[in-house]
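Labels run A, B, C and D following the written order; every chain starts at residue 1.
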Amino acid sequence: MATILQLNEAIQALVRDGDTIALEGFTHLIPFAAGHEIIRQRRRNLTLVRMTPDLIYDQLIGAGCAAKLVFSWGGNPGVGSLYRLRDAVENGWPSPLEIEEHAHAGMATAYAAGASGLPFGVLRGYLGTDLPKYNANIKFIECPFTGEKLAAVPAHRPDVTVVHAQKADRRGNVLMWGVVGVQKEAVLAAKRSIVTVEEVVDRLDAPPNSVVLPSWVVGAVCPVKGGAFPSYAQGYYPRNNAFYKKWDGISRERETFQKWLERHIMGTRDFGAFKQSLEEATQYA
Amino acid sequence: MPEASYSADEMMTIAAARMIRNGASLFVGIGLPSAAANLARLTHAPETVLIYESGTIGTRPSVLPLSIGDGELAETADAVVSVPEMFAYWLQGGRIDLGFLGAAQIDRFANINTTVIGEYRKPSTRLPGAGGAPEIATCCKEVLITLRHSKRAFVNKLDFLTSSGHMEGGDSRERMQLPGKGPTAVITDLGVLTPDPVTRELTLTSVHPGVTAEKVVENTGWPLKVAPVVETLAPPSENELRVLRELNERTRRAHTEQV
Amino acid sequence: MATILQLNEAIQALVRDGDTIALEGFTHLIPFAAGHEIIRQRRRNLTLVRMTPDLIYDQLIGAGCAAKLVFSWGGNPGVGSLYRLRDAVENGWPSPLEIEEHAHAGMATAYAAGASGLPFGVLRGYLGTDLPKYNANIKFIECPFTGEKLAAVPAHRPDVTVVHAQKADRRGNVLMWGVVGVQKEAVLAAKRSIVTVEEVVDRLDAPPNSVVLPSWVVGAVCPVKGGAFPSYAQGYYPRNNAFYKKWDGISRERETFQKWLERHIMGTRDFGAFKQSLEEATQYA
Amino acid sequence: MPEASYSADEMMTIAAARMIRNGASLFVGIGLPSAAANLARLTHAPETVLIYESGTIGTRPSVLPLSIGDGELAETADAVVSVPEMFAYWLQGGRIDLGFLGAAQIDRFANINTTVIGEYRKPSTRLPGAGGAPEIATCCKEVLITLRHSKRAFVNKLDFLTSSGHMEGGDSRERMQLPGKGPTAVITDLGVLTPDPVTRELTLTSVHPGVTAEKVVENTGWPLKVAPVVETLAPPSENELRVLRELNERTRRAHTEQV
């Protein structure tokens, strides 16, 4: 059964230095509040797994939490580069970052294999590309019936998966909807899990066949209103595209990034205070 | 309409949009492919089924999404599926007529690079990487590629092969048993290249109004083959241009709300 | 794009002698009306694929439509045996029936592999059982990363899949909910497909992330009110458990079965007439 | 309560129900397992999570389902998933504490047969077959089996091995790398057998009230090992019996509406 906790307690209890951790959410429902709390609690040497590192991993990497990144598309969506990721890969700042690079199909297959209790997943992928040259976790196998050549990737089995969802009930059953990405697979593939939610309600009122994570497969549920900002929560608030664009300027240079990090993340108590500090900075900018 | 009344990028988008058959299912990347696909849907191809890798099927956004998973894509979709399902049942399942990709580098056989410029382990520029592209390039029945024409982009040798086109040309793609038939056109801001039916080498077959074949050759990093007769595409119609500009303007406004 | 057709037209156009055909629906939404129409149109030499043959395949087998059955659980759920299936297997009546026998996990994996465009699927299954001795379509492979032994089954790729759903809109987009079984996978795995529906409506009003088959992946949509009887359609009518029990008596002997078949299926024009004839038989019984 | 006031089947169901820990996740087959699981949920184990292979998770039916996919299972469930997801993410994913199976034949190492009596290719009785059982038997953390005791059912050698128990005993199950720990109890209408911790051979460890160890041995098709001390289980409590009978009566009424 999931325990309903404050986010800082959940990160304290469930995320350890050196963990392999997946903070998932495909554009939608990205668990930014949890990412910030990991930065605040100064976790180190994490292996970060995520299809699209997005701003959330740019922040974790720039803050020095990561030793390795497993990913398939590392840009600022619709804007450009992730400069903290690039600085770590190209210049080893603030520390060297090992990368294990996949395509989306391979990452999705690896999460699904993890959720399925299989050691590996099979896909019609990677054929002809240079990716297998640089990633020993991409192999090729033969179909035992037709002899066709297919790609194989080992299952993702994160120590911890963190996702954000719209709702949980008081027993810790979780409901999400809209673009649901690989969140369910990432939670089911993980040894431990944290779900931040917009709200905790008396009754989920989940429509038939919706994406529900029953309480007993979730570790901790943490209410964090707005916890996916600047990504979005369908039915609650839209994606803050302006912030995604603004991040380009904040993250381009180490100095501006560090000032932003110190002021808005390290200098705030929690995600509510972070958002207030961001608002104040905008008002008086 | 006078010639200077549209940009090369607009012409590129419109030329790409015209290649989309009404009713086709389209797997769409962000940026130029998304603009062209939505322009097609808003003009001659209203029955086009737009599919984004975020899991949205048959979506009808009123503005271009900034990300591949914007909320409006889900709200206006016929169906929203998980990402593993999208890649397994829909893309790998061989259901998509047309994949639509951008690229940082392309070679003469329409193989593309979106991973790194320079050495992989010591890149001069680290690009975003593969995303959905490798499997879009192999599993869609057909692939269109759009990018701006320059010697930096149209290179003799890719720094990294991210997504398979026609491999080393000839029947090398078939021998590798890639399921789809691969890139059938590359649409740039100068014209359109199509693979030679036998050698699969990209060949200049049409140019945009006012562009010469020589200019395209000059901006290509290998000795570009030119078709015996190079067609000149029709300039944008008033309607194409109006719809595209309205779409871009709506998009600009929607993506600049205050933080 | 799906074409909206009468059921007899759809069966006429899309189901051929010798086809491999999957009529799916896991207890819920079993496409009985379509099964009856295949019997009426006297299709022969079909390979019938279905996890649970249920009454629908008992009827098709007894009527002489089938040459082969691919399945994983062949009982009358909660009641007992499928006598027509047993008579065909044990005594070759009305004609010999080849069987290819799986477990549910293998069948589900095979459908998912078919939907995924893969030649085979992998599962942690069949280990230690006698099933692989009698089914050459169960093989074992090694994980290329861990060396673990896992089962492999070839993908199901039916010539035609037929399912029943609650609703379609006028463009042929299909919505189903409740126990959705392997229907989506079976449709996506097939070369052609027919979906019978309770009703055709102006707007689907599908909740987010519900099970929708877009029109362009469906062959024909046929409105058949009550077309899943005696199974059920959630939100429309319950399972007719009494008929499932009654089938035990009807099907036990060849003679009673044949009389039932002649009177209620061969002797009726369509599924509406079938149900009326069944009602009359009950009234005057 | 006098001895004759309950049947052997009722005692079997109640004995099986008692073995279910509150809060456990249970993968439930139709028939006796379903009755026992629901009885547990309605008595001492209200937090039990009932899972049926039809895709219904955390279901709370008011009557016993006739089929594994009855509508009420979906209506009262916390979540309803597709069948491929059920087998892949939930069962094979190793999330289920307890699998609950019936059987037509069982051997001394709790391997079971639900496929055929006689030769596979020329059966004397064709049974329904495997269904979900082989993977329930291997992937659940633990397995309970319930069936009526008779020499026809408790056989020296299975006609067909449908679902793996402890294979040839000893560590043969572990050597085969089956994920779960296999059957931990067999509950019959006479008593309870549990595997010897070392040899894994089924051993009679308790009997129902009024049943002797001799009677169990007589009804077993191999020389059954009997524990040095055989416990006698407590008879059904008034509450257990009342809840079970009400459940069966509700079920009977619900499943006999007129066709």
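In the analysis below, a residue touches a chain if its C-beta (ideal position, glycine included) is under 8 Å from a C-beta of that chain, and two chains touch if they have at least 3 such contacts.
Quick caveat: nothing in here was measured; it's all calculated off a predicted structure.
Novice: Going by the stated contact rule, which chains contact chain C and chain D alike?
Specialist: In this structure, the chains that contact chain D and also chain C are A.
Novice: Nearest whole angstrom, what separates the Cα centre of chain B from the Cα centre of chain C?
Specialist: 41
Novice: What whole-number Å value describes the gap between the mean CA coordinates of chain A and chain B?
Specialist: Chain centres of chain A and chain B, defined by C-alpha means, are spaced 28 Å apart.
Novice: If I count partner chains per residue in chain A, which residues reach a count of at least 2?
Specialist: Residues 112, 117-118, 123-124, 148, 178, 180, 184-185, 208-211, 234 of chain A touch two or more partner chains.
Novice: Counting only residues that touch at least 2 other chains, which ones in chain D make the list?
Specialist: Touching at least two other chains: 74, 80, 88, 92, 139, 179.
Novice: Touching pairs of chains, all of them, please.
Specialist: The complete list of chain pairs in contact reads A-B, A-C, A-D, B-C, C-D.
Novice: Give the list of chain C residues in touch with chain B in this complex.
Specialist: 1, 112, 115-118, 173, 184-185, 188, 206, 208-210, 212, 214, 216-217
Novice: In the complex of these two chains, what residues of chain D are touching chain C?
Specialist: 30-31, 53-56, 65-71, 73-75, 80, 82-84, 86-88, 91-92, 111, 115, 120-123, 126-135, 138-139, 160-164, 167, 173, 176-179, 254-259
Novice: Over in the complex, which chain B residues touch chain C? Could you list them?
Specialist: It is residues 23, 25, 49, 57-58, 74, 78-81, 88-89, 92-95, 139, 179 of chain B that touch chain C.
Novice: In their complex, what parts of chain A are in touch with chain C?
Specialist: 117-124, 137, 139, 141, 143-146, 148, 150, 152, 154, 177-178, 180, 207-211, 234
Novice: Within the complex, which stretch of chain A touches chain B?
Specialist: The touching residues are 26-28, 51-52, 71-75, 77-79, 81-82, 85-86, 89-90, 101-105, 108-109, 111-112, 123-131, 133-134, 148-149, 178-182, 184-185, 211, 230, 232, 234, 238-246, 278, 282.
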